[in-house]
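The two complexes that follow have subunit A in common; it is paired with subunit B in the first and with subunit C in the second.
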Partner chain A sequence: MLFLNYWHLFVTGAWVTIWTSTVAFAIGLVLGTLFALARRSRFRVLRLIGTVYVEILRNTPALVQIFIAYFGFASLGFRLPALLAGITALGVNAGAYLAEIIRAGIASVPPGQLEAARTLGLSPVQTFFSVVLPQATRTVFPPVVNQYVETILGSSLLSAISVQELTAEARIVNSITYETLAIFAFAMIFYLILTNLVSFAAAMFSRSFFKPRIATSYKFSIRGSRQLRTGGGRA
Partner chain B sequence: MSDWQHIWDARGLLLSGLLATLALVAGSIMTSTILGFVVGFLRYRRIPVVNVVLRVYLEIFRGTPLLVQLLFIYFGAAYLRLDWVTVFIASLVGMTLFNGAYISEIFRGGFEAVPTGQREAATTLGLSRFHITKDVVFPQTLPVVLPPLFSQYLQLIKNTSLASVISYFDIVRQGQAIIDQGANSFDVYLVVAIMFFVISYPLSLLARALEKRIVTRRERVA
Partner chain C sequence: MKITSTTAPMRRRAGLLVVVAVALALTGCSVGSGDSGGSGAGSSPSAGDNTDPNHTGSTWADIKKRGIINIAVGLTTPPFGLTDKNGKPSGFDVDVANQLADYLGVKANIFEVSADGRIPALQSGKADLVSFTLTVTPERQQQIDFSDGVIHAYQGVAVKKSSGITSNKQIADKTIAVQKGALGATVAAAAYPNATLQQYDSEVNTILAARQGQADAVVDGIAQLTYNIKDDSSMKLLPGLVAGDSVQSYALGIQKGDDSLTKKVNAFLKQFHAKGEGTKLYKKWFGAEPPADLFKGFEN
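Up next, the complex of A and B:
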């Protein structure tokens, strides 16, 4: 149990894992939204750019993408710090998956909703923000959270370009005490706690935020009576 | 100029890496599908104690990074002085346990998608439990299971690149060997990425076509 003397390395590693994957995920969300919109655009060029981005990033390994961002660009003369290259590569990779998720979410809004919005005289921008977006958010939320978990797990690849996150710290401690099984099991417990916390928080959030809010109750009065009654109830 | 020449001259290395990657892909697709099928079926049957054990397995292998699992298995085997665990075996075991966990959920979903009425009808017709499972449940799970199974295989192909970290001589590792000989790393990794793309992209198109076909067939039935 010598490795427990180095517990602070695990904690700093876990912290690096948390913030790198969170920043990468944020980059991915922005890119994902932009490219999802590009793929639904009226302009062929934008659609093409979106498709190329998604297909290339989704059909090559994340590890190779990280190597290109760090070693590859360095050999071209753009020497990025490992942290910057790693986070960017991870974010660009997550963006491709998120673009597909968000695109599917937007497509899942029934066309009748768009027709209704048009009938009500909403502008395309209004339609997007007050009709499409609220409904798409609901369907997209679980797979997006899933992608966040994937990004946390994927951030372990940054250890291959010497970013000092959880996996890298575990390997360092392993090279000091050689208690291999216990050390990697310990690191795995950290990851398990992290991923479960995210899933739990997401479940809590969606339970309170996405509860059915369709009001079906209505007020009415019977002729000859002043009393206002309530009919219907929560859906 | 001379750099591409360098990579071309070292094509033997990349080719042997490609073979190693394909060997790992083929091997782990087979083993993880078998494991996933068995685990998925056992979870579907909800056998009391077994179910808890399997949930712990799923929780661990789906909640931790594949890279850490590979390091655990490879260095762990060295720690226990299991000399017969080569890099290939360690990678295969890691890939199998990791992908088997995901595939088992796909199969379980497939089994549960078969309406209970089908089982009841088969029981009424006097089929044995074995025949119900083999001739009534399994054929109906196939269209549900195939599309997600294919996308899991696509993930698996890309995930084999992680075996290079524990020094399995796949495409990525052989690419690094060429870089060590002095080639430009951007060009080499670009070639490596293209090789993965060439394997993965046609399969993703195939998976999409398959999915579309199954969905339209289901709509025709409905």
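Up next, the complex of A and C:
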């Protein structure tokens, strides 16, 4: 098991994976919210911009988008360092998927809620932040966490533009010791640990934040107690 | 008795079955036999010889039985490996592979791998032979066997003319683009421990990175660098070898312990060099006479 001598390379690679995907996901969240609102706006121009962004970025491969951001822009003279190009491309790509998720979440709030809010005299801004947002967040939370996990996995594509994340380090160690199956299985275990940590943390967070509970992939139960069922998942 | 129409669940199940069947048919049709996938150039042998194209194994007896030799090449390392206008693999290494297959009397199944997929392709048996600018090193000799040498090689450095770099020593603290899994990566890491290495998937990406200014220099085989910057007036080659490197040779990679095939390949290479084929192919692909000692020890 020669490759274990290079375990520190895997650890640095995993760290690069974590922080690049987190920053990319943060960018994606901001972009996703903006474009979700744009797609729901009453101005046709905003709706058009939103649709173009989402459809182009969701229907093209992420690797091609990363190459365009790094090599493509550089050939036009607009040179971005590998990390910046990679994180931006990943973030913009995630933003397109998140825009659709968030748009669906906002649309899932029953129109009766909006009517009731108007009856109560709430302004549109107040309605959005006090009525729509809390309810949309409940719907949107599991798919958004899923998108974060997908961004972590998508960061493996950054190895093509010389970012030394986990997959790149695995390939480099492989070209030193050639223990291919063991090395890539080891890298897979790293990814499994990362993604499960994320899902677990999200489940813990949602447990304390969302009352009543929303369904999560990690289920907690207190044996023998009776709890309010919120639809789906054992209590 | 009334014939009832299909129910919605039944239609859904039927639709799902159709989708699954189509997907299986499509995947069954694809011919992926390389690490990065690529179509094989070999066709099935003509009826009449008793070869079995599905026979597996990489010894000479297996290859003779199968009638096909699987050769892994790189197609992003001009002029050793590239695709021509019609999308077919071509290049110095591809020509060597085709000549070898002709000599052995079998069909060549030539497919593409990346530089860091060369040796795994041999180890996994996907490839019987690798013809992809593979330098002979002691570390690699522990993993695979090598044939006799094909052409001499060493690692050179290319930089942008506008960078003002004039000697190999000056790149010791700069950013160097190298290929993952190629000798340039190891040699540059050993010679310049303080430099930042950018590891790319293919040779063309390393040169692109240097040309665009993402990296200050490229360390790769001297032959590839010479060829790729001869039309590019913005880049130049630095004289001499990278510190710690020595003149070595590219050879054909063969699975470890496969003596029967190695003997055959070495016999091929003996007559290859005797006929001066190396010089002929060099002239064809590089468009110039080879330097005096490029085939020293092979052709004389």
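One rule holds for everything that comes next: the second predicted complex is superposed on the first by the 212 of 235 C-alpha atoms of A that agree within 3 Å, B and C clash if a C-alpha of one lies under 4 Å from a C-alpha of the other, contacts with A are read in each partner's own complex, and residues count from 1 in each chain.
We adopt the following convention: a contact is a pair of C-beta atoms (placed from the backbone, for glycine too) under 8 Å apart; a residue touches a chain by one contact, two chains touch by 3 or more.
Fair warning: this is a prediction, and the values are worked out from it, not measured in the lab.
Upon superposition of the two complexes on subunit A, a steric clash is found between subunit B and subunit C.
In the superposed model, A:P134 lies in contact with neither subunit B nor subunit C. In the overlay built on the shared chain, the residue A:Q65 is in contact with subunit B alone; subunit C does not reach it.
By the document's definition of touching, both partners, subunit B and subunit C, reach A:A74.
Applying the stated contact rule after C-alpha superposition, one finds that A:A160 touches each of subunit B and subunit C.
In the superposed model, A:A187 makes contact with subunit B only, not with subunit C.
In the superposed pair of complexes, A:A168 makes contact with subunit C only, with no contact to subunit B. Contact with subunit C, but none with subunit B, is seen for A:A82 once the two complexes are overlaid on the shared chain.
Once the two structures are overlaid, the count of subunit A residues touched is higher for B than for its counterpart among subunit B and subunit C. Judged by the touch definition given at the top, the superposed model places A:Y178 against both subunit B and subunit C.
Overlap of the subunit B and subunit C contact sets on subunit A: residues 71, 74-75, 159-160, 171, 174, 178, 180. The touching residues of subunit A, when paired with subunit C in their complex, are 70-71, 74-75, 79, 81-82, 159-162, 164, 168, 171-172, 174-176, 178, 180. Every residue of subunit C that touches subunit A in the complex is listed here, in rising order: 115-116, 119-120, 123-124, 139, 143, 177, 180-181, 185-186, 198-201, 205, 208-209, 212-214. Residues 55-56, 58-65, 67-68, 71-76, 153-157, 159-160, 167, 170-171, 174, 178, 180-181, 184-185, 187-188, 191-192, 195-196 of subunit A touch subunit B in their complex. Of all the residues in subunit B, the ones that touch subunit A in their complex are 59-60, 63-69, 71-72, 75-76, 78-80, 154, 158-162, 164-165, 172, 179, 184-186, 189-190, 192-193, 196-197, 200-201, 204.
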